[in-house]
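First chain A sits with chain B, and in the next complex the same chain sits with chain C.
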Partner chain A sequence: MTSEFVFATAQYESGDWDSAPLLPANVIDTIARYTEIAVAPTGVVVALNDDRMLRYPLLYLTGHLPVRFSDAERRNVKRFVERGGMLFVDDHNHDIDGTFHKTATEEIARTVAPLAELPNDHALYSAFFKFDGPPTTSHELNGWGDNLVHKHLLAVRRAGKIAVLFSNKDYSSEWNYHPESKRFLTVDNTKFAVNLVVYALTA
Partner chain B sequence: MRSRRSNFELACRLAAFAVLGWLLGGSMMRSSGRRVERASTSALASRLPTWTRAPSSVLLHADLATTPEARVVDWLAALERSGHAVTWSGAPPAVAMSSEPLADPQGGVRIELAAPARTSVVLRDDASVVDSVRVNQLGAAIVTPLVVGTLVGDAGGQRFSAPAPDSAHLRAIVVIGNAGWEGKFIVSALEERGWPVVARFRVAPNVDVTQGVALPLDTGRVAAVVATDTTIQSLGAALERFVRSGGGLVLAGSAGLAPAVAPLRPGSLGARTRPSALPVDTIGLGATGYYPVAALNGDGVALDRRSGGVAVAARRVGAGRVLQVGYDDSWRWRMAGGPGSEAAYRDWWSRAVAAVAYLPDAGVKIAESATESAPLANLVDRLGPPQPTAADKTPRPPVDGRLLLVLIMILLLTEWGSRRMRGLR
Partner chain C sequence: MSILTHVRTVRTVLAAGVALRAVAWGALASLTLIIGAVLVDLVTPIGLVARSGVLMVAIAAGVATAAALAWRDRHVLSLERVALWIEERFPSLDFTLATAVETGDDSFVARAAVDRWRTIAVRRAAHAVRAPLASIAVAGSIVFALPVGAVARVRAPHRGDSLDRPSRGSVGGASRLTPLVARIVPPAYSGRQPTTIDEPSDVRALVGSTITLRGRGSAGGVVARRGVDSIVATSEGDRWSISLRVDARPVALRLVDRGFQRIIAIEPVTDAAPAVTLVTPAHDSVLRAPTGRIALSADMHDDFGIASAAFEYIVSSGEGESFTFRSGTLGATRPNGRRASIGASLPLESLGLRPGDVVHLRAVAHDANDVSGPGVGTSETRALRIARRDEYDSVAVEAAAPSDEEKSVISERMLIMLAEALEKVRPTLGHDSLVTESRSIATDQKRLRRTVGEIVFTRLGGESSGEEHTDEESPARAKTMQDMLARADSATNRSTDPIDFSGGESPVVAVNKPLLEAYNAMWDASTELEIAEPGRALPHMRRALAAIQRARAAERLYLRGRPPQVVVDVGKARLQGKDKGVSSVRQATNASDSPGRRRIERFANVVDLAARDAPAAIDSLLVLRIDALTDAPAFAAALSDAVNAMRGGKSAAATEALARARRSLAGAPITRDSLARWGIVP
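After this line comes the complex of A and B, so read on.
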């Protein structure tokens, strides 16, 4: 057990938690590429109903299907947030009328607190790279989902710090490719992941 | 050859004359010494006006079970300065008390007591009873969240006091290190406690993430620096100047390995310990290993020992204090500890920082007059050490002179009666 940053994907009972299997490796590659942060070379998957999820203060949760936490999952998520963890939830449907959005936001409101719009000048957007708001993804207007460009992320904040970050941008699709493929991109579309991790580690 | 009866008669006569001589001698001795006016602690205050009018030839003596209140001591000292002979005797308890604010945003007062061993002391302030304590050895210390007005101690009737200290005006805490969970959660703990925190975390070469306004490293702005790793090396000589001028320094984890802190650290660091078995459920402080202090410096003090060595050590450097905390992933205790670990983690780190933080205007408070804070010391200072009077040195038997005269009469009548019964005159 070391103190290096470990990218952790949350496993929950109700949905397809593993719908973006290449994302962790890609984010880890990005962190190692741009920062000095000591990062574990591989990510982990932690079950939300297991107390060991508390060992990973940044958790990534995604899926397409309805989200319904079990009692154990709900209890652990509540403790996780109260103790200072940050849960990053990404709607793989990029659809505000979709089942993931509706059920996940409801579950977060029930477990932690209702989500609210995160201002686009929040420290998250300048934690490392400078953004004017959440970077758009090529998937938002791909004909699926709600076909909207989502101008804000949603968040639950505790003592001014983000405890739950909710995205309809579908970063799960945007970042779900092999890290080696980055070289084919003119602009690295995973830079916002650095902001996410740096914010979680420093705010 | 004298008869037995005549011997008895002679004895009665000699005894009568002996008693008469003792009575006369005592009377002559008393008339030749100084008159002594005595008063006990309880009667002393009411006797002072009388003593003030007494001629200076009268010896004024106080028998003290407890030290009298300040105005009485002042009065006695004034009498002595005006030419009266003033002495005192007794053994009032030697007590003293001081108070000082804690370096903690949530306030708190530390009360230091000095009293003889096994003395019970009850502390009150203007609002209520604060606490009671039994002194075991030289003294005792109490931490209380609040003191209202004046703090008054009572040790078996001996009262002493100290004023409530002013609340401390705290400077910022600077947390420095590589971006990571340890620094993040230390900042969280300190902020939750109420400390103003300035954080500087290294993210990439020449890229630091700062939280709060960067401050120059001096005790006018900064109370303490917390370093989570060797990035503290970047502070260079400014750090040593800061500590020597009174600033606090907490070297957490590997921070003690930085060359810049070698003259400051309580001891050299050894290799990081690792537990033979990792905890499978909840994680406690130090459960996943730590950097032990391999060799303490001469004036370093071990504060926390674990199976692998010293985990926490402290040292004074100039006017400042340095704490070496071997734990480099204490955040796991907060996140993955048992119930209450979040609060325990917050308290632990806040206490660690408070132990070294620079506290401006934090002079120890004693009463304006030492009479209240350390009554016996003040009494000795004003009137000198206790001394018995001449009367104390040659104590008289508490016998009424009239009884002695009756005794003489009985002896002489017995002798006369015996002689008459023998037919003698």
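After this line comes the complex of A and C, so read on.
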């Protein structure tokens, strides 16, 4: 059993789960830059229907297409959140009227519980860096998706802790670049990922 | 009028007296029980069930008393007994009347005293009913003297009549929070009837219901506190009332009357969303062409009623980052029932589908909840995909040409058969013939070897052929497997050791390794065949065949779409040099189960309080229960049982419920199917 934090990308049978292949490396780089968390240098891809998904405290799930869990995936996701894991779901379409949003939120409601707005003063936004709410991405108003700046994230909370975090901010596009390119940015736009990881590991 | 007619008249009078007396004693028995129950209820409130039972017992006792008395005096109906009763009072008859009744001949009886018989009978009957009627009069006056509400509670018991019970003490100084009645009116869409609860402590009501709390006395100073909100009571005659609406969150409502307090837990019951099952199509499918109609059917049910239902479809088109979506509904209905089945037909032509498009189908139902809803239930989604044209290759009717590997398998197997046949007839052949036949097989073996070499070198990205075509002794010819591997290595430029496949071999070399082995075995086989030794060539040929078959079965690599493997240099990202420095001191965060731990502490405090102040502990348990309703339902249920048991004075049941609550807080026992890491059984 390793004590390192391993960033895990959830693979599910329906949809394009691998639509943001560079995001894990970028998040890992950010964790390494700002924290002393022992972090594995590469992420892993773990199938939701595989019991090994229960080994990871944080699972990242994204895609554009409709999400429909198989029975095994649904069973494992339920076990995952019951054991205290945190599932971070990001809508790559950043479209609240889009298919991913509709199907993923329904699937989460069916599997775990209905999503509700997460207050912008939630502990997630001060778990490491201070945020006044979910940081805005450059993709939200890019002409695709719903062209809205989403003021809240959605979440399912269990015993006071976020079990499922759902984002329409399209962090999958915002953070999907090679970590070496981060040096060209004036402001690092991946800092919120630190809050996600720190919250998932400590809450 | 005959003598016998007079006797019958006397019998009627006496029977009427007997019946009236029986009824009167029966009524008195019932009244006595009711009065007793009313008096007891005035002293100590009797529950609704007990009061209903008292009424039934009173009625039964009255009937039984009347029946017993009537049975005891049933002989009044006998004419002979009536005749003897008259003879007893008129001895001068000297049994002539009894004889007349028995014989039916009234000539035996003198008519002198006949008129007095009836008078005596009436007097006797009146005497018999005098005592019970007087008793009834007394009981009736007692009933009238009792408070009307008190009698009504026993005479016609119903929920909510605790307010009708007269209070013994002074209203001015007593708490106006007892007695208390709650009337719950569910929202209209639910179709449920209003209910009433006496002395409520834990109220479960549908979200959107209206709860009206009523008590005795004026409304002044009576307040209900819900969090930071306060609701002031209003007056209705000599009673106060407070109305509130049930929200989605559980509430501990605190009623306050001067120094008196009372907590009522209001637990909202949420209207569940409809449960929907898509019956057809039963599973996902791939369609060759977007034509025809798809039959749709779905079943659904809801706890209160389904207002509307329909099928929804989403058509997704495109690939990569460019996707477009279209959606629509069909088969919309308004079932207006708790269960429904809907059906529809989806014409695929109308959707304008193209190859590669995916149609996602599901059924959706809305319930009639106009308070916190409507609740939306959805079925599983079925996906119907339209096949792309390039997918047809796998189902093409025309036979495709075998792959190079398969052709090589066939040829090598044929060469083995030829070599085996030659080896078999070898003793019967002359040397020249053997050499000719063997070299003929060797020529085919060399041609096949060149084909394999073409495949390998083409894959490795080198020249079209790594082998000479004419000159067998050319220096460029690869004679051994090591030579071939060296060529493969030069083509991929991967490692310094051409036969070191364990470490950094490329996927291309790994896949072609069996073919390289086949190539080498064929070389050895052709060498043996050249010198007319087919028997010694056969093991090499079989090795070549096995290697080719392994190449056929080798796993294909699909490099396209493989995500880039980025390995983050963690040390570099942390700008780590030789001097690591000292990290700042970080403050530990709270444990993840801190809310649960706080709840355990609160629960322990309440249990301690129960020994000293049970009413306060009950209130604390109710507040704790409200907090736990959302995320710890089992704990909340155990607390409810504990509160009920404590209220009923059942200490054993309360202890059991509290123990159950504590176990629920601590969680289920941890079981492991193996030994712990250090071999200690946990």
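Just a few scattered comments:
The definition used in the following text is that the second predicted complex is superposed on the first by the 202 of 203 C-alpha atoms of A that agree within 3 Å, B and C clash if a C-alpha of one lies under 4 Å from a C-alpha of the other, contacts with A are read in each partner's own complex, and residues count from 1 in each chain.
Basically, contacts are C-beta pairs under 8 Å (C-beta built on N, C-alpha and C of every residue); 3 or more make two chains touch, one makes a residue touch a chain.
In this text, all values refer to a predicted model and were calculated from it rather than measured experimentally.
Legend: residue contacts after superposition of the two complexes on their common chain; A:T202 is shown touching both chain B and chain C.
Using the contact criterion defined above for the overlaid structures, shared-chain residue A:P135 touches neither chain B nor chain C, since it reaches no partner. Shared-chain residue A:I28: touches chain C; no touch with chain B. Contact with chain B, but none with chain C, is seen for A:L54 once the two complexes are overlaid on the shared chain.
In the superposition on chain A, A:V39 makes contact with chain C only, while chain B stays out of contact range. In the superposition on chain A, contact of A:F5 is made with chain B only, not with chain C. Shared interface residues of chain A, touching chain B in one complex and chain C in the other, are 36, 84, 159, 161, 202-203.
Considering their complex, residues 178-185, 188, 191-192, 199, 201-205, 207, 209, 211, 278, 281-283, 288, 328-329, 331-332, 334-336, 341-342 of chain B touch chain A. Across the complex, chain C is touched by residues 14, 18-19, 21-22, 24-25, 28-29, 32-33, 36, 39, 41-42, 45, 64-66, 68, 84, 93, 98-99, 102-103, 106, 110, 158-161, 178-179, 202-203 of chain A. Across the complex, chain A meets chain B through its residues 1-5, 34-38, 51-52, 54-55, 57, 80, 82-85, 127-128, 159, 161, 198, 200-203. Those residues of chain C that touch chain A in the shared complex are 314, 316, 321, 323, 325, 327, 358, 360, 378, 380-381, 383, 561, 563-570, 573-574, 583, 586, 589, 592-593, 595-596, 631-632.
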